[in-house]
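Reading through the structure tokens given below for one structure.
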Amino acid sequence: MHRFAPALLCAIALISGPAFAQSTSPHGVTAIGPPAGMPAPVGPWGLGARAGDFVFLAGVQGYEADNSLSPDPEARIRRAFANIKKLAESQGAALHDCVRITIYLSDLHRYAGMVDKIQAEVWGSPPYPPRTMMEVQRLFQDDIIEIDTVFYVPQKK
Amino acid sequence: MHRFAPALLCAIALISGPAFAQSTSPHGVTAIGPPAGMPAPVGPWGLGARAGDFVFLAGVQGYEADNSLSPDPEARIRRAFANIKKLAESQGAALHDCVRITIYLSDLHRYAGMVDKIQAEVWGSPPYPPRTMMEVQRLFQDDIIEIDTVFYVPQKK
Amino acid sequence: MHRFAPALLCAIALISGPAFAQSTSPHGVTAIGPPAGMPAPVGPWGLGARAGDFVFLAGVQGYEADNSLSPDPEARIRRAFANIKKLAESQGAALHDCVRITIYLSDLHRYAGMVDKIQAEVWGSPPYPPRTMMEVQRLFQDDIIEIDTVFYVPQKK
């Protein structure tokens, strides 16, 4: 969930959003469109995909509704988790349905403690999902955090 | 899908290739052997695995059929996507069946634009899979790109 | 599977361990508790999760039973794989049921050869799982290796 072009957002939300949400692949992968208040991506990536009993989300950054990134690290990290929650809930999943979370940081020593605190708050109670967290060389827009998740949401049969 | 030892490739393709493709784990994971024109790996990794309704591919680099890496970044990136397409199609999957793509780059500022352009061309049309893309410290052979993917290909029942 | 606080381990193992193993999410994700001889995590992450036919493990480091990390790189890498084997087997999975392995190293040139050798020994025979291996900027506790895996273990029906 990277760089958005704000000028295009309304058009995309109106034109492509619902189409995104409906389109399926040859084998039935359903692309996940942006929930209300979340901009659609402009580029060759999607926000998420549903396939069988699983929902796969893109790497999520801490974008605000107006497409900005807060200068405050804690607010930005909190927002990244809020975005994941919103996307997951749009697919009927709760945070506790997360089966895998990979957190990429620009500075592990600086942000790991904030992530721990915020993740505990956002989840509310254990169990927590299996996690891998590391510092990488560079994230989009030299951002400080990007979070990659998979959720389990069995299809109704 | 890392360093190949060309001298061993023929022997491996003849001896192990078909065996790879057939072998299953205690619970039915099927190893994916190299499609025609793609060398088998020589080392403790496989090209991919099928399990249930999903196909998991190894991190794929931009190897040519003769096991070389093009010195041209754009050609090499294009080849990495072509290799993924070939592997996916060998399992009956289309690119639009991809549910998750993680792209590791050696230089995000330099290569992200090329990746976007090539990925849009290769996919042809949206929706695109959820993506996470980042710059890491070092890839195999100091390569510039490695791409990790998961596909959804329900088993015929 | 990061930093453990040894002083809390007994209490956690007694109080939360079994609860962890039993607890399920709204959609039936089961958190994986620590096998015998492996400390429970103290923080907002779990050791693993079972969902449908798949088991997802957290990033696993080379912790010894006493919660220490061997100063010998080869011993530490070997231990990381042993921990994964133990966790997988606690869920009824064999190493050959692994469908995806991502190995993060602090120094690819230094440790890749060790990983290859140890992984071949631990697996015993091909096929090996699809692998992605890279050097990242920093791991927890400035560790040298962390390994992220997914296993296929179909539910009995």
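The letters A, B and C name the chains in turn, as written, and every chain counts its residues from 1.
Just so we're on the same page, a contact is a pair of C-beta atoms (placed from the backbone, for glycine too) under 8 Å apart; a residue touches a chain by one contact, two chains touch by 3 or more.
Computed from a prediction, not measured in an experiment: that's the story for all the values here.
**Q** Between copies chain A and chain B, are the contact residues mostly the same numbers or mostly different, with half as the line?
**A** Under half shared, hence different.
**Q** I need the rotation angle between the copies chain B and chain C from a CA superposition, between 0 and 180°, in steps of 5.
**A** 120
**Q** Taking each chain's centre as the mean position of its Cα atoms, how many Å separate chain A from chain B?
**A** That gives a centre separation of 24 Å.
**Q** If a residue has to touch 2 or more other chains to count, which residues of chain B qualify?
**A** Within chain B, the residues that touch at least two other chains are 54, 102, 136-137, 150.
**Q** In their complex, what parts of chain B are in touch with chain A?
**A** Checking each residue of chain B against chain A gives 53-54, 93-94, 96-102, 108-109, 112, 116, 119-120, 123, 126-137, 150, 152-154.
**Q** Looking at the complex, which residues from chain B come into contact with chain C?
**A** So the residues of chain B touching chain C come out as 2, 16, 20, 23, 25-29, 31-32, 41, 43-49, 51-52, 54, 56-59, 102, 104, 136-140, 146, 148, 150.
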